[in-house]
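A, B, C and D label the chains in the order they appear, each numbered from 1.
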Amino acid sequence: MTYNLLKGKKGIIFGALDEKSIAWKVAEKSFEEGALFTLTNTPTAMRFGQIDELARKCKAEIIPADATSVADLENLVTKSMEILGGQVDFILHSIGMSLNVRKKRVYNDLDYNFFAKTLDISALSFHKLLQTCYKLDAISEWGSVVALSYIAAQRTLYGYNDMADAKSLLESISRSFGYIYGRERRIRVNTISQSPTRTTAGSGVKGIDGLMDFTERMSPLGNASAEECANFTIVMFSDLSKKVTMQNIYHDGGFSSMGMSLKAMKMYNRSLDCEDCPPVD
Amino acid sequence: MTYNLLKGKKGIIFGALDEKSIAWKVAEKSFEEGALFTLTNTPTAMRFGQIDELARKCKAEIIPADATSVADLENLVTKSMEILGGQVDFILHSIGMSLNVRKKRVYNDLDYNFFAKTLDISALSFHKLLQTCYKLDAISEWGSVVALSYIAAQRTLYGYNDMADAKSLLESISRSFGYIYGRERRIRVNTISQSPTRTTAGSGVKGIDGLMDFTERMSPLGNASAEECANFTIVMFSDLSKKVTMQNIYHDGGFSSMGMSLKAMKMYNRSLDCEDCPPVD
Amino acid sequence: MTYNLLKGKKGIIFGALDEKSIAWKVAEKSFEEGALFTLTNTPTAMRFGQIDELARKCKAEIIPADATSVADLENLVTKSMEILGGQVDFILHSIGMSLNVRKKRVYNDLDYNFFAKTLDISALSFHKLLQTCYKLDAISEWGSVVALSYIAAQRTLYGYNDMADAKSLLESISRSFGYIYGRERRIRVNTISQSPTRTTAGSGVKGIDGLMDFTERMSPLGNASAEECANFTIVMFSDLSKKVTMQNIYHDGGFSSMGMSLKAMKMYNRSLDCEDCPPVD
Amino acid sequence: MTYNLLKGKKGIIFGALDEKSIAWKVAEKSFEEGALFTLTNTPTAMRFGQIDELARKCKAEIIPADATSVADLENLVTKSMEILGGQVDFILHSIGMSLNVRKKRVYNDLDYNFFAKTLDISALSFHKLLQTCYKLDAISEWGSVVALSYIAAQRTLYGYNDMADAKSLLESISRSFGYIYGRERRIRVNTISQSPTRTTAGSGVKGIDGLMDFTERMSPLGNASAEECANFTIVMFSDLSKKVTMQNIYHDGGFSSMGMSLKAMKMYNRSLDCEDCPPVD
């Protein structure tokens, strides 16, 4: 089912790696809904992913960029405008990485170079992108920028580590720049706080299986899939959400508003009632 | 611009009074987007409003109902299903009224019969509606229910009086029933927290003009209009927001995320700097 | 350890039933910290509880009152001022009851008379108390009013039923009246959102044991006890928290800021890993 | 009035510059309440401030430290334990600085070296402090750590610039480390979100006078002073708040829960009504 929601709109999509990526699904849906866009990712990610396939499918050009490099972003934005023939109407930021997580540095033993890098890649890159676009006047009036976030920005999940802090910073940057962009250019900036998603990147998070079972049972509608997230992202790009800005919207099957569900409690209680199970400290 | 977002969908829309009503705009948009629906309001509201005109325009039947009466709601829901030929896919609840506000009873001198009535009309009616629909199995799987709310549910605005408490209660009911409906029937329930809007109902709020100037200057995108609110409501009814539930989404031009804007501060400072202005206590 | 934090202060304490009550602990601590106060509860609660014992211990008089009756509240407040020799400095509201919970009416099959009663007893009683005190000018400048709440006001917990809505309403009333009382009389009004607590009232909540195990493992500091809650309440009554108002403060060992803890996840995962356990839907 | 709330407790206080500093007031109060502590600030701040005077008054030793240097923090914490004779019971983090603000780089023209520095000084320093203490086992069981924050972490205030993002990050670090510290050592970590305060540091913020008039009129109890903030900080250090952790508590006279007050509206409306005032865009 398509609606032509993005007919004639142009955009830039960060972070598509492979078909499990939310950004991949956003690209597919954007294309189906009538948009033209460029795709971007880091040179490394491009080597390991299948972004070429996506580009073919969506008739999109790929412009490699390290999102922490202002020069790369300038190149990306300038080229995108050339290719697309003018200002863009939407941008998706779906970028996050923590070397502390990868190198198994726990939160009370962080490497501070890694921590700075986590913040730079996962949050400051968003500011750099917005500032670059601002200076190049690259986004059209009533344009829409979305970054993907996670509830760890508000509530601590063991193992999510310094990515939680990066997501908080990301959401703050979204608000801060959303104010400027709204006031000066009538452009909106929001974050979508998505359910834990079994993407190639998301799989790195410690204990993701147990967590996803828990959030599935806690969320009245179950975890939101990458595809469903893409649907909602399209809505945020469309002209139907023009006055929503500086918001963090939970797209999570209701998880964020739950204290305890019957289904999760049943699973938990089974452990409590289990006499033969191994002890838990 | 229309998208067929609600093609084939059926609904019930509460609260359209005249063309300034948000519910009126929602009805118009829903019709344009391909939906069929019934309209409802209290007999009194129907006498003073122009709902007949809307009904003609949208090919909708009108079924009067006092939303605090379970019997009336049962009649409304049953008839709607008959008329529309089955379960509904969306419902808009846009109902609020405070006799304390009308009769100028300030918050430290409330009449408790009026207070109970404020809650019954503005909040409990939503539970009654949801419970009635639940018992009649009146909403289809993946259906969507939206109630209109206001930021007074979170932050006190002088003069908004016991309506603030009613909106808090409304949002809580939305979460509580959203859990049940999500778990049992895969139906979502959300509130949209809209900018102050110069509807016929909204005009009754004390000092609405000064407040709307303030929120206009505070909100980076300005106040959201009734029509823009209708656009976003359509999105929440559509299949593109299936996994958003139990949320209160601010549709307010960014107001809710602002502490102080340059524009509002300038206006405020002009008063501070004014030497000839009358004294302010 | 005592500090004379409430030396010379006078108060009214609602809701002490037996020694498990939070209000009971607040009374004990208040007495130890130098306060004089009256105790109140409903005639029924007084018959079943041991409030006489508490009164003797704290040299407090008991004044029965139905907190939903303005006449009873007027009598209570007037008599308290007579007994204590003037305005009071602090009030604790610790009242909540749902007939829907007691009669096992689930949330999608509520009795609306019961629902109205839940709201009246658990939330409107707080407004009635504050309005009565306001009219009688019964609270001293810089006085402090605290009501006990629960996180169900923000996040749905299955089985907590219409009490969740009542707590939302309670917290809203606290904000709304906190504005008036702050502006007019420099009096603060706050709610404390306490961990689930095994009081005689709290025990009625469905599945309280499993829930308390879960919250114990989710909260980095474990569940907060009634006594610890009393300690924090004393602080909120003292002169050291003069500028905190209209807030809902979580006193919950960190639960409200957790998404998932290692300890809770281990217990949950044990169930996931259990092959011999009975099936869970 | 003193209560011996911190009798026998030991601590470390960051950020006292001169007698307008909140940290200065916290040091004075902590001393009055029976605590022993060390004072620390950057070598530069020490040159310009009057910390020597405070140290004499409070019988405290001063240990200079650049809070972004782990080596300096290790030295500070180790020496503090030597001087105080063991683990500390409380720590105050009151540190913030933005070169972007100082150099008048607006938010859409940030210098990224400055931005990284803002985050390092104002937020990462808190993680470095906590991690250093963790590794040195420097905080006693049931100890308490407080960092000072500001509502800009949640809501954008024009001119507050990248400090808003730093405060968001600070609050996230407080939650993230609060989880670890709570779970492993029963130590609590919180932030206090204080009213705008006319400290020497706070004065640098753009348009502080108009803003403080606005927040004074918006807050039902008026802005909270540095001294009042110190009182509440003492409470958070004391044994009476043991189960409060991972929280951000607003100490702001109610500002955070206000949408619009009568007093602020009057001042604003005076500008609206002024016919002779200069035009405002």
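As a convention for this text, a contact is a pair of C-beta atoms (placed from the backbone, for glycine too) under 8 Å apart; a residue touches a chain by one contact, two chains touch by 3 or more.
Just so it is clear, the structure is predicted and the values come from calculations on it, not from any experiment.
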### Task
Work out which chains are contact partners of both subunit A and subunit D.
B, C
### Task
Overlay subunit B and subunit D by their C-alpha atoms and let me know the rotation angle in degrees, rounded to the nearest 5.
180
### Summary
Cα centroid separation, subunit A vs subunit C, in Å, comes to 40
### Query
In whole angstrom, how far does the Cα centroid of subunit B sit from the Cα centroid of subunit C?
31
### Query
What positions in subunit B touch 2 or more of the other chains?
155-156, 158, 175, 178-180, 246, 257-258, 261-263
### Task
If every chain is a node and every touching pair an edge, decide which shape results: line, ring, star, complete or other.
complete
### Query
Tell me, which parts of subunit A touch subunit B in their complex?
1, 3-5, 175, 178-183, 186, 188, 195, 219-222, 224-225, 228-229, 231-232, 234-235, 238-247, 249-254, 256-258, 261-263
### Query
If you look only at subunit C, which of its residues touch subunit A in the complex?
151-152, 154-160, 207, 210-211, 213-214, 257-272, 274, 276-278, 280-281
### Query
Within the complex, which stretch of subunit D touches subunit A?
70, 107-110, 112, 115-116, 119-120, 124, 127-128, 130-131, 134-135, 153, 155-156, 158, 161-162, 164-165, 167-169, 171-173, 175-180, 184, 246
